[in-house]
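Each chain carries a letter (A, B, C and D) given by its place in the written order, and its residues are counted from 1.
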């Protein structure tokens, strides 16, 4: 576990290097005459580090005189937010990876024409840096089950699940393959379906929606401090959130089972209520899971239900919107069908950018929504299963290499900061070489 | 070879991470109240990347409002210039590494008191990031000889040779251990002897000084374009440079053999002249080496001479100056005894800093000279064996963790830039996964 | 006219100097030890220049090493946007000016406590720089009428009309005093009444609302290119805008006359319609003015009406809201009673700031609205006399010296840029010393 | 006196405005497409403020997104250091001023070709801003003598004396005109002669060299604290400094009288010694002056000597070097003939720049030396009348509008900072409108 949490097989370092090589090539191109006419105010390729470092969020680079190049505003994101990470996770193979990297838009000219990594001849060397990283990493659980850990695209400005290559390898090697798709199902499942499955031709046979008694009570209005107390009314009020997720996943044509992650403060009455409502109102089975305490045995019942769903053959997966829809139409689709908003409010600059992306030939791309995971709406305090709201789209970004357009619906942070007492302060290596304080 | 030149075992990435963790902790400490009273204008711990990126040499960080911290001037060096790299290469073991990291001075207070990584509780986590990297990497040559490749401290602001741990492991495992010490012997050998051997208690039994006909002719005044033509007079004029190196190495009490790296444009007369002068005037044997063409066989004669020197037991190694000398005295020692200068000219600020380092308890440290490798003087155009010059010391820096004080005698560049046509543009991965264009 | 448009009596230069002296004292205080504990991220006192210079809108200052101080984000506004200008225009006399300058909040501490110019001992010297500028400037029109031109506070982040001292001097010297209050009456008149008259104890006896046929047609939906054509329907549709202004000014207890600024493209039918509707529907007289062509004679009728209103004694002026109302309450008052919005939407940060201002003892201040002059709402495209809208308050700023809180309801620009072909390029001085190309 | 020390007639404000207008036009030109191909790294036209503000010495401007232009390194100087000030002081009339302003080099292209204010069409508008300022300001002393105070070019990077226009006006109006030329005579007199007189065709008839007993004793090695005590030996040692100045001024063909500014701590013996040595060794009269105590009467004797010198007709003024000499030759001339150095040491970049200036047609310009006023050498601690030293020229700057090339021989500060206790803190305006605390 330590190894996975530190350098692991070095994949993130390789992605960091490939990303920053491209960044260096951009500024170097400008330095040596700027044959491509890059507008230094419109360089959109930032730099990355695998470190939470708020001081690097926003910088001015190229200071110190003519020899250091043209000063400009720049900044660092964390490595998982790199478009290289998303390219890496969505690539079919090395050749496709290189093609994706070449398509990355790094800047715009004064006339607002995109400039790509390919025009900078960067894709080959970036691919060389990634040639080993792209091989999936096979690890095992404490009980010896095989698992691929490969890639880690940020779940807001990217699609949030592991590599296509790892999934395909798993499909060849195993009987059943489970993919974790981060955050709430309105984000994680939607992106897994509409981006990864669409692009990789994957056909999911079943979906597990994970819920907790605590989260459902919170959706029913209970304050964090009071979550440990039984509260049947709040649970009943909040479970509409789960019902909405079930409906949403089914809208993709995938059959669903609900997994209730057991906590010690849960009561039998609460579990019973969930099971009853799921069965009676949502038409879905809810299974209690205790793997945190009992290991594989604790998830056996869930596994059997999943297998049954898969073998049932009821899945007829399809994305929620077609490639041919306009970019704004795609955003509207997700907003109204998944988030159940009445409308979207696209900022004028963002609307213009969407038109420009379409004019530049990127209209066929899917959209990747960056939205709070705390609500179906863009307002993190709007719990339960809200309707009638409006989804504001304040900015859009093109990830031409990854192959999607990011729609930003609120503040997103692509470079975290450290807390007042950083975990690092408690970490050290013991005399016998073991790391202490990591968890 | 590709692997070594790309990510290899990830050691450089680990050093980059450890270095940048410390940088993030410094700014984070200031952000959360600055209990240690760090003066943001006097933070000397820059950031590093393993990338030639001139745009990052000089930056302003922390922009974008109060949430991103206190703006300040900052910059990036390449990873090999990190003091973590030097700590890593000079450490006895993990515990010593952690102690060294803790001693790193990252900043000064308004009252100019040093603030260390230890005060920021950073050393444990940095060590954890380095716990695998610190294990030496054993590789083999094309003919199967074992070689440790471990660490790569910059040869100007650091000591320029591989890790103490690797050397000690080699001494346990092999009969003879050869260490490459970069640049000219006035820099590489001096630092190997005065820093690494002194600190690690190593006792070299013999030294090989490598020369080429071309370099000696260049020292005799021949222009680069004319080096391919035989020129006995120039060789005779330039060989004083080699004689000076022989004398210098002997001053450390280590017996010497000269290795002439053969080039196809060398003539027999030239080789004969070198052999004669070495024998008659310098009292040293000069051996022709053709391993570039003949592999191990081409260096066999040299190897036999080295073994003979080692077995001869004539070495009585000692550093050129004692720990107890003042810092300015140490610089003067090297300048007059190795560089054969008449004097040093220490800039007023540098002289004051040396005094301050001594007052703060760092007076016992050796000095690490940052000087051009093209001349014994600080003027790269002063060839041969100059005397009567003055060595300017324009700046000094404390590497309290590595355990030396750097004396900068001219311009040094700790973050290179890319050329007009970067090598990266020619690199790609072939269909069968091989990297092309790397060399 | 040239003199007025260039340096005039140097008042703006004096304000620039006083403002920038304070800025220099802030950074100098931090430099020399920061006894007041100013948080360099929370210095709100920017610098000013009387020059349209977009390059100075947002800068980083204090670069170049420790001797140049602590780097931080800063920027320049134009001089008219300086709070010194607003203090200057609202001051009773030199002593009051000094007191106001002393109250200016220049920064906050880390604990978010305000730091004032008074704490920096800056107010005396600033006043010294303004001691001549504060004397009103008396000029004359082409026909010889006296006019005071004194002060020029920006009409969005300040109150937009000339100095209290000039107005009081005029009241002593003349029979009738006319004050121009910039932009639309929802902004200019409201601020003149609620800020200047409230603070200076002025009691306006009558108000002139200036309108044009063109503007009313534009409010009726006519495109700019079509304004020269008679359009009775559009005029009828747009005149509701004028009616709203009349009602608003009357709400302050001040009797009104409408002045129609004549344009050559106006038609008799249009003027007749305005006169009829004003009389029949708004109960106000509308007078045609042709002073642009006929000089004083062209405004004589208007003047007689104004005199009649003044002598009628029907005015019973009072501000629209009392000092005692909360700051948010004051904003709501203006929004609902003048702008006829249904509600205001105060951004969370702005709401917190308003509370903080009240806690710090600034709750009694009036508010100064920064809003588009193109609409009663915050949306410049919403013409006519809209209702039902919401006024967004995205940011609030404290002008403790001027004595008001600015509520920013949209984008405001406090440092303009130059156009592609700056007027400066056409200006020169003729051989006989006359300026050409200024207009 | 207060008025002179505050805004006076606004000339400095006008110069500030003209300077900053040009700066705004430079960035605006780049913003709107950069038709002239300005290299943003090579814009040499900084901004100015008439305020000591160290925070503005070095800034990055143009931050905040594409709408604010291209970010770049910039900075502010004080207004007296503006080249506009130097142009203003050396101009013959408005037309010549405009021509000079047009010649100002504001930037270089990527190919290092100069770009001028004229190419930006800036000179006309700058001249318009200066059209009143260029008229000389006539003031009177306490005793009623007329004096022109007009212009104030910085005495290191500019020529340090008042305007040509004022001097010419004075020559028409008065019988004798005295010009103050700042700093030591090696700087002030040399620049007055070689720059102002050469350019304006002025022919000085006599020169007064001002000395003090204190300064001569300091040149003889007395510490500041001991200057109040009689010290005949030190005076005798230090008076060589005065002798050197006398010789230097005579080298320009101008007859000399020495004025000893009397201090209360001077002794009769000291004054006698100076008088004797001046007469016997330097062949010059030394007159005691007590105008600080006795007003005009205290300088009457000096005045009579000056008149006698003028009427004596012995002057045959000529500059120390001809226009036709190379730029480096001119620097060498001054260094060897006035500073009595053996040689100059021109930094490689500076030498290249001088060649470039000559290639661009600026070789005929005089040079303006920026050197310490504390020594004839570049080392402020080298007192008396040193010889054998070398003058380092570390940087050169072109003032094409002013009409000279600045040679910088050490550190120069073009933007001072405020002290720990700024004078501003003690200044205020009394109840009756008088400024207190200014002196």
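Here are some notes:
We take it that a contact is a pair of C-beta atoms (placed from the backbone, for glycine too) under 8 Å apart; a residue touches a chain by one contact, two chains touch by 3 or more.
Remember, predicted model here, so these are calculated numbers, not experimental data.
The minimum number of touch steps linking subunit A to subunit C comes to 2. In terms of the stated touch criterion, subunit B and subunit C have no partners in common. Greatest centre-to-centre distance from subunit A is found for D, with centres as Cα means. With centres defined as mean CA coordinates, subunit D is found 44 Å away from subunit C.
Centres computed as Cα averages put subunit A at a distance of 65 Å from subunit D. Centre-to-centre, using mean CA coordinates, subunit B is 49 Å away from subunit D. Counting only residues that touch two or more partner chains, subunit D has 33, 60, 63, 69, 73. Subunit B makes touch with subunit C in their complex at residues 33, 39-42, 60, 63, 65-66, 69-73, 110.
Subunit B meets subunit A in the complex at residues 6-7, 10, 13-14, 16-17, 20-21, 23-25, 27-28, 31-33, 47, 49-64, 67-69, 73-75, 94-95, 98, 120-125, 127-129, 131-132, 417-418, 420, 422-429, 431, 433, 435, 437-438.
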